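Data first, discussion second: the structure below is written as structure tokens.
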Amino acid sequence: METIFIILFVLTLLYIGMADRLSTLVRILGVQGILLFATAFVALDKVDALNLSFILIETILVKGLLIPAMLRRTLQRNGIVRETEHTVTQFQSLLVVTVIIVLSFILANSIHQPHLRIGYFTASISAVFVGLFIVMTRMKIITHMIGYLILENGIFLLSLAVGNEMPLAVNTAILLDLLTSVLLLAFLVDKVGETFQTVNVHDLNELND
Amino acid sequence: MIALVVILVVALFFIGIVNRTKSLLGGRVGPGLFQHVHDVVRLFRKGAVISTTSSIVFRLAPTISFVAILMACTLIPFGTQPALLPFQYDVVAFAYLLALSRFVMILAALDTGSPFEGMGANREGIYGMLVEPAFFVVFGSLAILTGHTSFTELFSTLHVGSGGVSILISVLAVYVILQIAMIESSRLPIDDPKTHLELTMIHEVMILDHSGFDLGLIMVSSSMKFALFGLLLANFHLTPSAPLWLLLIIAFGVNIVFAMTVGAIESFRARNRMKRNPQFILTLTSVAVLIYFSVLILTNKLVL
Amino acid sequence: MNTLMHPYVFFAGAAIIAGLLIIARTMSAQILLLASYIVLLASLTWHEFTTLNVIEAQYLKADPLTVTLLSVLTILGAVAAFQGVLYAKHRGDSISHLALHNAALVGFLSMLVGVYLSRHIGLVWAFLEASTLTAAVLIYHNRNRNSVEATWKYVFVCSIGIAIAFAGILFLSIAGSATDAHDLSFEALRAGAHTMDPTWLKISFLFLLAGFSVKLGVVPLFNVDIDAKDAAPSHISALLSSVLMNAGFSAVYRIYSVYSGTSIRPWLNSVLLLCGTLSILAAAVYILKVKNLKRLLAYSSLEHAGIVLIAVGSGAWFAALLHLVLHSFAKSAMFLQYGHYFRLTKSKKINAGGDYLSAHPAGAGVFIVGLLALCAVPPMGTFLSEMLALTTLLGTAWWWWALIIIPLLAVILWAMTKRIVSILYRPRHHTSVNGSRATMSMAMETIPQYALLAVVIWLGFFAPPAVVDFLHRASILHP
Amino acid sequence: MRLTFMVACVVSLVIAFVTSIPAVTVLVTGMAWSADIGSVTYVADSFSAFMVLVINTGSVLAALYGVRYLADDPDGRSLTESILHGTSFVALHAAMIGVVISSDLYSLFYFWEAMSISSFLLVLFDARQTKARTAAIRYILQMHIGAVGILVAIGFVSSAMGGVTYSLVHDYAASHQTWIVLLPLAVAFAMKAGLFPLHSWLPDTHAAAPSHVSGLMSGVMIKLGAYGLIRFGLLTDPSTELGTVLLVIGIATALFGIVNAIGQRDLKKLLAYSSVENMGLIVMSVGMAFIARGIDAPYIEIAAWSGVVLHILHHMLIKAVLFQSAGNILHGTHTRDLNNLGGLIHTMPGTVNLLLLGGLGISALPGSSGFVSEFPMYISGIKTMMMSSTSISMLGVFSVVTLCLAGGFAIIAFTKAIGIGALGTARTKAPLTAHDPHWTTRFPQWLAFGGALFIAVAPGMFIRALSGVLYGLSEKHIPHDLLTTLDTVGIGQAVLIIVVGIVWLLRMLATRTKPVAEGPTWGCGFQEGDARIQYTATTYADSTIEIMSPVTDVSVSYRHIDPADMFPRTRSYHTEEKDLIANKVFDPLAIGVERVLRALAVLQSGNMRSYILYAFVFIVVVVVLTLAEVL
């Protein structure tokens, strides 16, 4: 069961590699959020109400609904539709994502750790690197945010892969932090758009030596 | 004490002999032997013309220069007769006293603000500097040879022909000292007192502005400097065993030969080109080093 | 007072004060609230000092390191809060603007208190991330192009960095999952670390170091720190260079001390040396190039953070902590004085300055003494700590690292001196704007700066044995 | 300014007073002084005590001069600056004392750095001028690099021995390779002492510093470099090899220094290069002493040490006189360029008299303290020539030749400084309007000169008084005939001075009645001679520089006249004296390092995407290095 979700999740990563329209990326993020919930739900050994509701909030509510909605709003406010400048073509981008997934699989397979779930590990590592890849290659700061969120999803999966629980208090703090940082980033995207009249990264390099 | 007397006496006629030799070789009769002395006496009596540019340095310099030479005279022994003021390593003091005389004369020259005197001063400084290593290496070598480090002790054991001493070393030493004497006294081949083109002079151009008593002092100093080196050379020939009268004769004889040599050289040789002078003086150091090595071999310190 | 000052009380109090600050609409109320927050901080510090190594809240515990850093935080927090009010006054900011700033300041400082106090690695992470968010508000304070850019970059890179660090924590728990050490508190980790798989430990340390480097302000993620310090108001830059850096140190150092009980200790040390050396290299490279005084100071922080890591890596833990503390004071003084510089020259540029000795004599004194402190020369305490660090390094098997580090330090010294001296002495031949001279009140404002610098001298050479002893205890996290 | 410095002066006097008492006690009783301050032990043996006295004398002279010098300071200065200057002065004084009474490397390093930094702050005094600023910064950089040597020594010794007291250094040197500890220390000391090829900071710094500070730095501070070499040389049981190395370095330094002094146009730079020379002579003599100890030749050793001790004293006093005179000239004329001076003896007689006397002294001419301080060096040199081993004998030749060449060059250098700078006619208007400063500026100068004169006529007395120091250095008693020789030299000097006086009186008597006419200088028929036809500093040095061109670096910027130039344009001829080592070695090195570092400066691109990349590059690099087992 969980293998299906993992494969679906990896598929979304491939889709991200191809996607061009920003709204598509945002939608994929939403889908990822729901997939994460499903995975977590299945993966959890013993489901207690508190933990379940916590994960529910974190994945469905925050990752699946709240963040995509907010991103969509930001897109509208700044009038951004698609990524117009690429440093790599879509073909290359897809190729790289594929390579990342393959390499992650090889890496995960080479690790012999009894408590490590290889499938999760592959997916999470792929997501982390795909997220970073997005950040590296895209020009719009909003895409950077999306890349960061993909990375965060990867980290979430990784924590599932490890299967080690943080105390609830710590988990809550982490969730709060993430949420706030995303909100703050969204706010800053607006501010950058306002102040610089651009949302392209390469215009944002006044601070250098 | 005897040494000082000898030097003073020699100083009286040295320049006279040089000039007489030159004029005889040049086919002239020339001035009398003591013309030089007369000149000095006349200068002592005269008033002076001094440059408005000059200062106390200009006036004081001849005096200091004279005293420095005088003090140098007190360091020279006469054969086995000790010098007036003998002490260990007085060789150093000797060289430095000559340097002092040079230092003040250079300053006096610069004090006039004349371009020619500046030129002479500059050359005097360089040649004086270049000649010193030769002097020290020679006397150092002699010190190694004899084991003594003051003029008095040195010459009490060392003279040409004295037992065990290589003639070669003494001859070379005499040669070097002779050349040093020529340079220090501003004679050929470095300098030519006869020349009347200021650009080519060294010592003479430095004293262009001096007159009267001061010029007299300068002339006395240069005569004494000659006599000083003359006695130094003579000391190589003063056999300790000989009686005093013989020694005196030898000493004066050496000085007369020295003066005649100077005269002869000045008659037959042309002055070096200015550019060649440093190199010429450096040759002396090379010869001095040769002496040093010979001494090392002689004292069995260096085995070839 | 003692029993009352539970950390929870502190955090509750801080939250209330922050809330009140946002709604308070008079200057005096703002000042009063800030003052009460400082009192709160001070009493927490005192409380923790008296209850060392007692677990009060579930995941909060104070050890000597905590108390040391808390003391620094209290002092610098007080100075910065005071300076913040003056800053708003000079700029003529609205009271609501100031209120937001003050509230964020309180939040920021409280989050750092959390970092110092946490004994759980996840909680450290959470507090550090929270400090990023509050710091963002402070960096954004001036609301101009530079601050927008810097804030965006800072928040974004911090988030990425902190995500990397989180991956490091997860790798650590992979390492721990093979054993029974499921608890990620420092005590449990320390107890179980030697049974863990060294490879995973290495990987997790690498990720944690890379992630937290953004807080400590060292290679690899130092760049955004520089930008943030450039764009933030000067008293905030002072805090970023001192207490925030200390927080990063606290995190890295606690992790280091957990791992150093295992077989990978030599590896840890050499990684820290590499990281420190690269930091110093980067600092040297940029200090040679930089034209902006504020960035110069920021790069100097990079250098000193590098020295601290080198001290840790070579085993001179006391020197590391001492250097960290001294640097906090010295750098704060310099940043505060930079504020005056900006007010007088209306420019961040070094070549806008000149003849500072006449324009602002008292401030020039701060620059000189501060420069001496940053260059680590007698009679500054930094001299002692840097000397200890370097001599310890020279006594280890890695002594040849010193051959790289020392020339770089010399380059930094040369470049810094050259720039500061040019500000102090170079005659000004500019237009009327730059001809302004410091007022009496500015001269008075240098008193706290001198006080901070005095601490640098005092701590280095005349500190009472009790203080030195306490620092020693603070620097050794586990016996 | 003046008031602040007066406070500094008083504090300095107090320090001098307080520290001199134990120092004198040490010298008189021969018992070392030691005290525990905090956990650190400070020790003053006879050599330290001697250095303390030297430091105190030099500092007090500088302070006394400084008070008046600063009173004439034309620039308006802020209170901060005054306080900084005063504090740094006192700090320098105290730090120097600290250096010589330290008995462990930590304290040494502390005071050493304190000394560098306080002198740096003092040099900053004139930093409103770009040149002075640059010089000061170069100075602190080089001092910092030098001080690293001590740091390295601390690292090695403390890790091996668990402590860094001097006795542990000795044990370390005995049980390990001596050079491991001695070489880094020697770099530090050589840098401070201005030994070739690490001397290049010295001329610029001395020229940039205010004159009381240059006098102090040159007279006292750089001696501490020699102090360090001596102290640690003795600690490591000096061998003939070490002595030879020092001797060779000393020779190179002395000759390089004095040849370059001749080339200088800047009066203070000339003096500074002369300090390089004198440090070279001191170190050469130290080397000689070590060699003598190695071959067990007590007479030579004692003679060499006497030379060192006397030369330190002599140079401290005479350099104070000279730099302070230079300071007076600078204040009077606002220039240090000899080509702009001339004829000062008419407008500033008081200052020029001192310059003259100082010039005589520094050229080591008879009648001065320089002669008696170089005399024992000659003794050791000639005596070494007479040693049985050929190689040792050759070293003696080298040292004697160096001494006499340095003496000869010094004559050229100082006749240039005095003759061009102070005599002749004024080359610009500046010297014409100059006048002597207040007599109080000359008070410390006369004080210093008086001291030097005392040394000149009674060297034996000094050596007797300092027999404890010499015993401490050599562990041997002074041979009687050495004392006799020195006594004779002293008497001879006194006689020389007296005879000069007598002859001068006689001359006055003889010429009293003679008419004296005044006229222009003889121009060989050329009537329109003016100040411009005089020899200049550049031309005076030209022939020396020509024969010494391999070790000097004088650049000439002049375009030769092209035959095709029908109407020649205005031409200029400009020479610039540079330091060979600085210009050809250190500067290119520094530029190279800077270029490499600048080339690395692409990281902070402002491009955030690359910032994130760095994290991964870092992780990958560490992983690769780990796999490669580098880490």
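A, B, C and D are the chain letters, set down in written order, and residue numbers restart from 1 in every chain.
Just so we're on the same page, a residue touches a chain if its C-beta (ideal position, glycine included) is under 8 Å from a C-beta of that chain, and two chains touch if they have at least 3 such contacts.
Being a predicted model, the structure only gives us computed values, none of them experimental.
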(request) Using the contact definition stated above, find the chains touching both chain C and chain D. (result) A
(message) By Cα centroids, which chain is closest to the centre of the whole protein?
(response) D
(request) Between B-D and A-D, flag the pair that has more C-beta pairs in contact. (result) B-D
(request) Report, in whole Å, the distance between the mean C-alpha point of chain A and the mean C-alpha point of chain B. (result) 99
(request) Could you tell me the distance, in whole angstrom, between the mean C-alpha positions of chain B and chain D? (result) 35
(request) Please report how many Å separate the Cα centroid of chain A from that of chain D, as a whole number. (result) 69
(message) Nearest whole angstrom, what separates the Cα centre of chain B from the Cα centre of chain C?
(response) 78
(message) Among all residues of chain D, which ones touch two or more of the remaining chains?
(response) 601, 604, 608, 612
(request) Could you list the positions in chain A whose residues touch two or more of the other chains? (result) 132, 135, 144, 204-207, 209
(request) Specify, in ascending order, the residues of chain C that touch 2 or more different other chains. (result) 153, 156, 160, 226, 286, 289
(message) Going by the touch rule stated at the top, which chains touch which?
(response) A-C, A-D, B-D, C-D
(request) In the complex, go through chain B and note every residue touching chain D. (result) 44-57, 60, 63-64, 66-68, 70-71, 85, 87-89, 91-93, 95-97, 99-100, 102-103, 106-107, 109-116, 118-119, 121-123, 125-126, 128-130, 132-133, 135-137, 140-141, 143-144, 147, 149, 198, 208-209, 212-214, 217, 278, 289, 292, 296, 301-302
(message) Please output the residues of chain D touching chain B within their complex, sorted ascending.
(response) 342-343, 345-346, 356, 360, 363-367, 371, 375, 378-379, 382-383, 385-386, 388-390, 393, 396-397, 400-401, 404-405, 407-409, 411-412, 414-415, 418-420, 423-425, 481, 484-485, 488-489, 492, 495-496, 499-500, 503-504, 507, 510-511, 514-524, 529, 531, 533-535, 539-540, 542-544, 547
(request) Using the touch rule from the top, collect the residues of chain D that touch chain C in their complex. (result) 76-81, 83-84, 95, 106, 109-111, 113-114, 116-117, 121, 124, 127-128, 130, 133, 136-137, 140-141, 144-145, 148, 151-152, 154-156, 158-160, 593-594, 597-598, 600-601, 603-604, 608, 611-612, 614-615, 617-619, 622-623, 625-626, 631
(request) Can you check the complex and tell me which residues of chain C touch chain A? (result) 58-59, 120, 122-123, 125-127, 129-130, 132-133, 136, 140, 144-146, 148-153, 155-156, 159-160, 163, 166-167, 170, 173-174, 176-178, 182, 184, 197, 200, 226-227, 230-231, 286, 289-292, 295
(message) Which stretch or stretches of chain A touch chain D in the complex?
(response) 132, 135-137, 144, 201-202, 204-209
